[in-house]
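Each of the next two complexes has subunit A plus one more chain, namely subunit B in the first and subunit C in the second.
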Partner chain A sequence: MNVLAMSGRVTTIARNTFLEAVRQRFFNSILTLALAMLLGAHFFQQFNFGASELKFIADFGFGAIFFFGAILAITAMTQLFFSEMENRTALTLLAKPVYRLEFLLGKFFGAQLLMAVFCLVLSLVLMAVMYVRESALIERFPDSFADGRVVQYWDCLLFGFIQWIKFGILSAIALVIASFSNTNLYTVIVSFFVLVICQLQYIAQDAYGEIVNPLGRFAVWLASLLFPNFQVFNVGERMFVSVVEEPLGAMILLGIVLYGVAYTAFFLLLALLHFRNREI
Partner chain B sequence: MTSPAIRIKNLTKDFATGIRRTKLRAVDALNLEIGHNEVFGLLGPNGSGKSTTIKIILGLLAPSAGTVEVYGESAVKVAARHSVGFLPEAPYFYRYLSGRELVRFYAKVCGVAPSEREERVQSVIDLVGMAEAAHRRVGTYSKGMLQRIGLAQALVHNPRLVILDEPTAGVDPLGAAAIAEIIRTLKERGKTVLLSSHLLAQIEGMCDRVAILHRGRLIESGTMETLTAEAGLESLVVDRLTDSVRAEVEAVLQRHGKSLRRTEVPRRSLDELFVRSVRERESERLKCGQELSNRGGDK
Partner chain C sequence: MKDGWQQYFWMRAGRIGLTLALLVVAGLLLRPLERPLWQAVKAGQPELNLAELEGALGQGILVGVLGGFRAIVADFLWIQTNHYWQQRNRPKTETMIQIVTRLDPRPDFFWFNGARMLAYDIPNWRIRELGGYDVVPQSVQDQIDYEQAMRGIALLEEARSFHPHNPRFVLEIAQIHNFRLKDTETAAEWFFQASQMPGAPHFAARIYAELLRRLDRPMEAYEFLRKHHQSLPKQADPMAEIVLERIRDLEEELRIPLPRRYFPGR
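Right, the complex of A and B next:
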């Protein structure tokens, strides 16, 4: 397999997938909703139960990125995959000298390109909202900011990057399900179930330590290994608002990225195993 | 060239259906060989196994038994597809791309070198007669135009074998005639063409050889002459005869131990009549338009 030619084909398919994705109304709607939510963060102060204002806006922004990002990662990946199958454009494409792995990677990276745009735009807007609010607070309470600004703005982009890695796992999971499923709806529903499992995976890890029965212990251990722990990626507060907790070290961040990349690669391989025998 | 374009040996394909995974045989012990530079018609009713056979040749389906080779290379291998161009039945392409962008996309996917890509794209667009509409989005194309741009994407990497699944289905006679013309050009350029169709009259004049499938089995195969000619008969087309001349001809035939079996008026096909009439009308319109514009220029 010529790696250079392979990467060329993957890039071509990914670029076309991205073009298709940005032309869908769904992406624009999700992006608009997420932006509206972020921009309106300080109007939701009445739901703030005691946290500092900047932390509240940051939490609100993280929530918006996660909520809308998760919806977009699952639905975009599913839609982009099934549009090729249902419109039979996959038939024409796979009748060319294209490996099925290249097709899957092209679809995946195209969707990831879309998620990169989403994460970048939302991170930049969150940065801007935080900056405006922090500037207003500095003017009103200069004593509280005697040591300078508390928000580490460039870390916001790093946070966006880490969320992008998490959405990569989610897209890869959706691709695994799409690779053997026959319908769009089934893929979306099952992917959301898996998302909930990944969000609550830490509970399984806690249970793992308490179970005495070796068989049960093994089953929970296996489940905790199979489903990634999405709490690992919830590091926004520790990176972003330095007064809240001690900042994260570079090695931990690298570990998180590697954790995400390893799970993504695992799910992509799983998708390939199913897809290579799928009848087109 | 020693290897035939396609060599199919004992090909069988079963599909598992239902909860009990009952086997449904789509192709049954098929043996077929298609030589280089042939135009080969794969015929058969719905469900006869034509599309399944084509998908196996393209590596989109794995055979249950038997082998398929494309120019000596196993069809299972991706490398075999470098020699193959494919136009699916009722093709659907990315609607948001223009015709030119679409062909360029497939050229890139097929690994056409950047230095020759634009030239190849332009030449296949010219070949299928889509130069004027190449800038338009595929979403605005008619069925005939979709087939033609589909042909362009199938040819962009200069394959030796071109597979066309129902290339004239849903296309008006004029479009079908244009596609037939392209197929003849492909043969002249040394390509092998495998086409499947229901519209037998349209492909009759194009194919060198045909095979007829029924329930996955090969029931007939051979050249057009051997399959369709009435054995031992010959027809002469002559000017209209008077009764006395016809009687003389019959007498001559009788002297040689032959007989006049039937007389009939040769007819053009309705397709032929339609295409000729519309083309004549079109060229008249163009001529008038040109004359009008010349007059406008003179003023």
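Right, the complex of A and C next:
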């Protein structure tokens, strides 16, 4: 297999997938909703009772990135995959000298490019909202900011990158499910279930040590191995607002990226395993 | 036909089995990478620590699923808590306090107000439910006060595991012992503990000394205030003036001779 030719074919499919995704109304709607939510963080501040204002806005931004990003990662991947099946373009593509692996990788990278745009736009808007609010607070309470700004703005982009890695795993999971399922709806629903399980995997991992019953212990251990732990990517607060006692080290952040990339690669291989035997 | 169906079934089952086996292998291979990452991430986010969430698996699930939105959800649930509090709905108020504090344990506002509802408001509701202060025997009223105060203290103890360096939680426990349970001895111990914490308000030390005086231990109070005064900032601190006034009062009360009296800087 010529790697250069292969990467060329993957790039072509990824580019077309990305353009197709950007043209979809769904992407634009989700992006608009997420942006509106972020920009409206100041309004929701009225309901805030405890957390400091900047932390509240940051929290709100993390929530918007996670919530809308997860919806977009799953639905975009599923739609982009099934549109090729339903329009029969996959048949034409795979009849040409395009390997199934190339098709899957092209679809995945196209969807990931879309997620990169989403994460970048939202991170930049979150940075802008935080900057405006922090500047206003500095003007009003200069004594509280005697040591300078508390928000680490560049870390916001790093946080966006880490979320993008997490969405990569999620898109790859959706691709695995899509590679053997027959319907769009089934893929979306199962992917959302898997997302919830991945978000809660930490409970199984932590509960493992507490369970006495060997059978229950084994079941929890198995459950903690079957799914990736998405809470590992929940690092916004430790990176973004410098008032936290102990920020995360560079090695930990690198480890998180490695963990995400390894799981993404694994799920892509799993998708290939199922897609190889699929009748199109 | 039957053979075809069986073949299809075994093929699907085999594929599912292989997928699960591969997932377990991937999980095992990545576990050494995941464990230290998870420990590092969890250490900075106590709300993700299940040991702290004991008996609150439901809230643990909410924390996990909501991601960043848990702050706003906790805020809205706090509004709901206040609604139940206004209606004097005891079970719902208590349940909501538990949910809100576990959902977002970072703000101290939820802990303080929740503990005050439990320790100061709910005893009154319970006594009224039983017929009111004129009907309910004093012993039953005391028992209710004690039970609710202990619930408030338990909530504040939980808060301390999330905010171990915040002296205000220790002070709040001290105040419940002092004002609600009228247990001066225990309250004094808590005020002392608070006064020794970095960032503690100065009044913690003064109240500790005052409680010692009420416990008929004025000499101990005097010695403590002398030490405390020396630890105060040297500038013309209004707090230092107040502490010195208390020292003078105690010197009068203890009839300490002039040469043995406390003179700052000497």
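Following the convention adopted for this analysis, the second predicted complex is superposed on the first by the 272 of 280 C-alpha atoms of A that agree within 3 Å, B and C clash if a C-alpha of one lies under 4 Å from a C-alpha of the other, contacts with A are read in each partner's own complex, and residues count from 1 in each chain.
One rule holds for everything that comes next: a contact is a pair of C-beta atoms (placed from the backbone, for glycine too) under 8 Å apart; a residue touches a chain by one contact, two chains touch by 3 or more.
Quick caveat: nothing in here was measured; it's all calculated off a predicted structure.
Colleague: Classify the contacts of A:Asp155 with the two partner chains as first (subunit B alone), second (subunit C alone), both, or neither.
Modeller: neither
Colleague: Who touches more of subunit A, subunit B or subunit C?
Modeller: Answer, by number of touched residues of subunit A: C.
Colleague: Check the residue A:Tyr99 against both partner chains and state whether it touches subunit B (first), subunit C (second), both, or neither.
Modeller: Touch status of A:Tyr99: first partner only.
Colleague: Given the touch rule stated above, what does A:Glu134 touch, subunit B (first), subunit C (second), both, or neither?
Modeller: A:Glu134 sits against neither subunit B nor subunit C.
Colleague: Considering only the touch criterion stated at the top, classify A:His274 as touching first (subunit B), second (subunit C), both, or neither.
Modeller: second
Colleague: What residues on subunit A does subunit C touch that subunit B touches too?
Modeller: Touching subunit B in the first complex and subunit C in the second, residues 277 of subunit A appear in both lists.
Colleague: In their shared complex, at which residues does subunit A touch subunit C?
Modeller: 44, 47-51, 55-56, 58-67, 180, 196, 199-200, 202-203, 205-207, 210, 222, 224-229, 231-232, 234-238, 244-246, 248-249, 252, 255-256, 258-259, 262-263, 266, 270, 273-274, 277
Colleague: Spell out the part of subunit C that touches subunit A in their complex, as residue ranges.
Modeller: Counting only subunit C, the residues touching subunit A are 15, 18-20, 22-24, 26-28, 30-31, 33-34, 36-38, 40-45, 48-51, 57, 60-61, 64-72, 75-76, 78-79, 104, 106-110.
Colleague: Which residues, counting only subunit B, touch subunit A once they are in their complex?
Modeller: Those residues of subunit B that touch subunit A are 15, 55, 58-62, 78-79, 81-82, 84, 86, 88, 91-94, 96-97, 105-106, 108-111, 150, 153, 157.
Colleague: Quick one: which bits of subunit A touch subunit B in the complex? Just the residue numbers, please.
Modeller: Where subunit A meets subunit B, its residues are 5, 8-9, 12-13, 16, 19-20, 23, 87-89, 91-99, 277, 279-280.
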